[in-house]
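What follows is chain A paired twice: with chain B in the first complex and chain C in the second.
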Partner chain A sequence: MSARDKYETVIGLEVHVQLNTASKAFCSDSTLFGAEANTQVSPISLGHPGTLPVVNEEQIAKAVKLGLALGCEINPHSSFDRKNYFYADLPKGYQITQDRSPICIGGALKIKIDEAFKSIRIHHIHMEEDAGKSIHDTDGAYSLIDLNRAGVPLLEIVSEPDLRSAEEVDAFMSGMRQLVRWLDVSDGNMEQGSMRCDVNVSIRLKGEEEFGTRCEIKNVNSMRYARRAIAYEVGRQVDIIEKGGSIEQQTLNFDPDTGTTTPLRDKEDAHDYRYFPEPDMPPIRLSDGYIQAVKDGMVRLPWELYEDFTEKLGLSDYDASLLTEEVEVAKYFLGLQHLSQQTKASANLIINKILPYCKDKQLALFDFPVASENLVEFLDIIRTGKVSNAMAYQRIFPEMTEQPDRSPLEIAKDLNLLQSSDTSFLEELIEGILADNPDKVKVYRNGKKGLLGFFMGELMKKSKGKADPKVANKLLREKLEA
Partner chain B sequence: MTVDEKLISRLEKLAKLDLTTSEKEKLRKELDDILKMVDKLEELDTDGVDPLIYVLEENNVWRKDRVQGQIKREETFKNAPDSDGEHFKVPKVIDIKK
Partner chain C sequence: MAKYSDLASVQQAIREGQTSCKALVAFYLEQIKEHQHLNIYLEVFEEEALQKAAALDKKIQESPEKLGKLWGMVVSIKDVICYQGHKVSAGSKILENFESLFSATAVERILAEDAIIIGRTNCDEFAMGSSNENSAYGPVLNGINPQKIPGGSSGGAAVSVQMDTCLAALGTDTGGSVRQPAALCGILGMKPSYGRISRHGLVAYGSSFDQVGIFAHKTEEMALLLEVMAGADEYDATASKREVPAYSQTLEPLQQPSIAYYRSALEHPGLDEEIRTLMEQQLDEFRRAGYRVEGVDFKYLDYIVPAYYVLTTAEASSNLSRYDGVRFGFRDKEADSLEDMYTHSRTQAFGEEVKRRIMLGTFVLSAGYYDAYYTKAQKVRRLIAEETRRLLSDFDFLLMPTTPAPAWNLGEKTDDPVEMYLADIFTVQANMAGIPGIAFPVGKTGEGLPVGLQLMSNVFEEAKLLSFVKQLGY
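On to the complex of A and B.
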């Protein structure tokens, strides 16, 4: 047993989610990602004296939406505070945030770990604004500042220290990403920085109730980094404690190049943010009516649909998970399932054909060219045995994507793929096959029933895949056992 | 709470100010007076009285989520001590952040 095994890792997260509003949190600059530097700014985001911030109503609605989805209590009286610090990409000298009264309190996100569910509690969610971007490496003596991102609305989701491993952190972040995308609150794009997290890590001996001293790793912007940063930090803390030392509460930076964490600031600079109420913005009062209206406008949640899909519709865990990853996929499936009245077949068609096609062509699912009537007909000709499943998937589907307006039945006729249940035609083929293989017929009749597969294969070959398997099977047995 | 030299130096640092000795002494006195006044107020019994944070009774001053009012780059850098025409230029900062 290594020293590490004696300890339990305790992790809490602060997840920053950039809201996908069109304009910023407190002024009307665009929030679009990737614009030229300093083209999405105004006197308010530049922090000029005498300017007044005004809250974006969408920011409130999106915060409430996420709070409701996570089962938080929506704070009827919330307000903003100023967090004071100096940094070149923070033009006002303070960040507008919520310190005393965050918009959402409590709640939890369920994550799935080794086939079991675990509930990770949320401490609170608060609204704040993002800072600008500093570029340090292009100009020797200077740092360059781009303020396009200054003032973009963020939600900070603060979890309780309920996570115990990098795998759980991964599951929590994936679940949160799925949820914010599902609710259309954020694009959840970690590469573009729309989702990032600070990781609070501590260790304690297994069985110990008291938490250890925690260290905060800042700005972890990918799951791969989070995994490495946690592994490194746990190792560092175990080493210190095993050598009889104690952990100092610190803010750390993870360096992806070296895979190590290093202190971000000196102790003597210990932060003193001197929070005080933001005097420029009146408080936010949310009535029951407002909260109800947001609730009424919400789509059903991924885990609710997952439960419906597995329990009411009888889909497998795998299918249900895939179909509830994105809200568009779930909606598309429900639409097709409703029209075709075929559950499993709709799921298969979407998972095995439509989604891979869209991914390949980089299409949004709702831009898939084939009309739903034709998809329904496609499923119908399979169900009624007019075309074999294999032929439909391999030959007809690709043709439908080429000619989205054509009926699949027409395509099947053109390609000569309609299955034959015409008994006289099949009987003739069977007679021929039996005559060609007298030895195998004898073996079959002596009890080796497994040979039926061989005869079916021959029949399919001879009929060019058009024999209706059910009818063909029955006829074959009759002839063989005659 | 007394306002002493040490506190003034700390505030000076937090506010990124550079004060002369006489300025420090002046500020120390003024801040001390302010705190004395607050001490006086604390003699009042405020049990059961909600703190007054906002003087105006207005709530929920919100705006629509629309893009407008952005300014041109040349205006953006008008008051900036230094720029390269695309970015604000500031003396190199790399370490201390939030």
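On to the complex of A and C.
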């Protein structure tokens, strides 16, 4: 047993989610990503004298929505605070956040680890504004500041220290990403920084109940970094303790180039943020009626649909997981399933054909060109045996994406793919095949039944794939065994 | 040209052709020049005011039906109120030559009613002060006696009306900064209820206390300006959505007003004898008029100033963090690190009083001291607000001295900040409780210095308050 195996890792997360509201948290500036630097900045974003914040109500609705989805208690009376610190990309010299009275309290997110579910408790969710961006490596002499992001609304989701491994962190972050996208709260894009997390890591001997001293790793902006940072940090802490040392509470920075964590600052020069109530905005009062209205406007949640899909519709775990990954996919599936009255076939078509097509063409699912009535017809001609499954998928589907307005049945006719269950036509072909292969017929009749496959192959070749396999099979046997 | 102390006379004189807007502005510009030594204005918008006056004269001729409510009113604005395309420096070096990109809601609303803004008035730096000696641009002198301070922080605004350089002035009142200089200059000064007028476009000092205030000679002008400026604002979440009464139409005499006063205020050891006598005379006058007058106890009087300074400096320490030299305002160009840039810029460009309050506010919010100072002061504020509002549900008005003493000599108190802070003892209660108050002149000391008393009413009872002050002869 290695030293590391004696210890249990304990992790808590602070996940920052950038909301996809049209305008900023406290003013009407656009939040669009990628605009030219410092173009989405009004005097309010810039912290000019005389400007005041006014809360964006869309931000509140999104916070409440996420809170309800996670089973949080919605605070009917939350309020904003100021977190004071100086930095060049923080225009007002303070960040507006929620310290004493956050908007959502408690709740949990279920994650799936090794086929089992585990509930990760949420401590609270609070609203705050983002800072701008400092760019230190472009200009030789100066730091450059872009304030487009300053004031963009964020939710900070603070978990309890319920996570025990990098895999669980991964599952939690994936689940959270799925949920915020599902609820249309955020685009959950880690590359663009719409989702980032601070990871609090500590270790303790297995079986120990007391938590160890934790270190906070800041601004981990990809899952790959999170795994590496946690692995490094756990190793570092084990080494220290194994050598008889003790962990110092620190804020750490993860350097992806070296794969190591280094202290940002220690306790001695820790910031005193001097939190105090934001006097420029009254507390946010949310009535029961308001909370109910948000609830009523919400779509069903991914895990609810997953349960429906597996239990009521009998789909496999795999299919159900894929179909509940994104709300659009689930909605698309439910639409097609409803129209076609075919569950498994709808799932297969979406998973195997439509999603890969859209991914390839970089299309949103709802921009997939083929109308739903044609998709329903497509599934129908397979079900009724007019075309084979294979021919439909291989030949008709590509044609449908080229000519989205044409009926798949027409396409099948054009391509001469309609399956033949016309027995006289098939019988004629079979007669010909048997006549061409008298020795093989003999071998078959002597008991080598495996040759049926050969005759089927020949028949398919001759019929150009149009033979209905069931009918053909039956006829072949009759003829061979006559 | 005759001096006008009310808008009706101005408008009548213009209508009758005795004068014009342009002549009126020219007159005020003359007055400003004559009183330049008082250092009232930081900037006079001479050309612009004359042009606006000319345009208004044309409008009077051509489309009088389109005239706004405030036509003919020439107003000054305190240098903490933003006016698009104009400088706003908050009396500070740190904002020297800073131009505002937008106008305060109050400014927009008076301009929309055809007021003419003649200039921006000097004030204590970031509205922090009781004597106007904290301006980076030099003190303002009291027009009645230039040896004396005019009061603060809206000292320039008060003297601008006192010396007839305009008809009315906009100031701001965080702990008495309108009422106190009004009293020391012998004019009317009003602080409306907190949230009555939008704070959008006011350079913030203490956000939960700041309020636009009005200086004038008569209640009619205050009522009119208040009704124009007050009301909900999409740019200020703390602006009240309460409907705005037509204050100028409701200045009716009250039948049986009831007036309370604090015995502890009247008997306060710090209160000047002459002011005490004038206050007693005023109470006697009320009694003779048959009003209900009662002395009541108020046990928190001595806690008001300490609690006020804890809370306002806490808010100020945060509000003034944005003056960091990064995006606008003064920057020490020699500094070669971010840390140095902050420290040098703020050290060089903030005045002593502002630095004192930033440090005090930073201290009371610091870990380990927060509860002892900030939390406790908030509790005191709540007690004072509740007690005050309860009293004002039993009485129509609370009468107080405005200041413990008349205008003092320049430099007399600058070495003792605590004594300076204590001069706010009678005015900060209105800001702590969010209620409106009006300072009105009651007479003069033997030395000839004006004395003002102050009437307060319950929150959003400005209509009643204005009516009663009018009844007193203003």
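Just so we're on the same page, the second predicted complex is superposed on the first by the 480 of 482 C-alpha atoms of A that agree within 3 Å, B and C clash if a C-alpha of one lies under 4 Å from a C-alpha of the other, contacts with A are read in each partner's own complex, and residues count from 1 in each chain.
Everything that follows uses one rule, which is that a residue touches a chain if its C-beta (ideal position, glycine included) is under 8 Å from a C-beta of that chain, and two chains touch if they have at least 3 such contacts.
Keep in mind that what you see is a predicted model, and the values were worked out from it rather than measured.
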Practice prompt. Go through the superposed model and pick first if A:P369 touches only chain B, second if only chain C, both, or neither.
Written response: neither
Fill in: More chain A residues in contact - chain B or chain C
B
Worksheet item: Once the shared chain is lined up, is A:G175 touching chain B (first), chain C (second), both, or neither of them?
Response: neither
Worksheet item: Once the shared chain is lined up, is A:G335 touching chain B (first), chain C (second), both, or neither of them?
Response: neither
Item to complete: Figure out whether A:F86 sits in contact with chain B (first) or chain C (second), or with both, or with neither.
Response: both
Discussion item. Going by the contact rule set out at the top, does A:G47 touch chain B (first), chain C (second), both, or neither?
Written reply: second
Item to complete: With the two complexes superposed on chain A, say which partner A:E58 touches: chain B (first), chain C (second), both, or neither.
Response: first
Item to complete: Tell me which partner A:D272 touches in the superposition: chain B (first), chain C (second), both or neither.
Response: both
Discussion item. In the overlaid three-chain picture, which partner chain does A:P469 touch, first (chain B) or second (chain C), both, or neither?
Written reply: neither
Discussion item. With both complexes overlaid on chain A, does A:P282 touch chain B (first), chain C (second), both or neither?
Written reply: both
Worksheet item: Do chain B and chain C touch any of the same residues on chain A, and if so, which?
Response: 43, 46, 48, 54-55, 84, 86, 88, 143, 145, 272, 274, 279, 281-282
Worksheet item: Contact residues on chain A for chain C in the complex?
Response: 43, 46-55, 82, 84, 86, 88, 91-94, 143, 145, 272, 274-276, 279-282
Worksheet item: If you look only at chain A, which of its residues touch chain B in the complex?
Response: 21-23, 27-30, 36-43, 46, 48, 54-60, 79, 84-88, 131, 134-136, 139-147, 218, 264-265, 269, 271-272, 274, 277, 279, 281-285
Worksheet item: Mind pulling up the chain C residues that touch chain A in the complex?
Response: 81-82, 88, 90, 95, 98, 100-102, 104, 199-204, 206-208, 234-238, 314-315, 317-318, 320-322, 324, 326-328, 338, 342, 362, 365-367, 370, 374
Worksheet, complete the sentence: The residues of chain B that touch chain A in their complex are 14, 16, 53-54, 56, 58-71, 73, 76-77, 79, 82, 84, 86-98
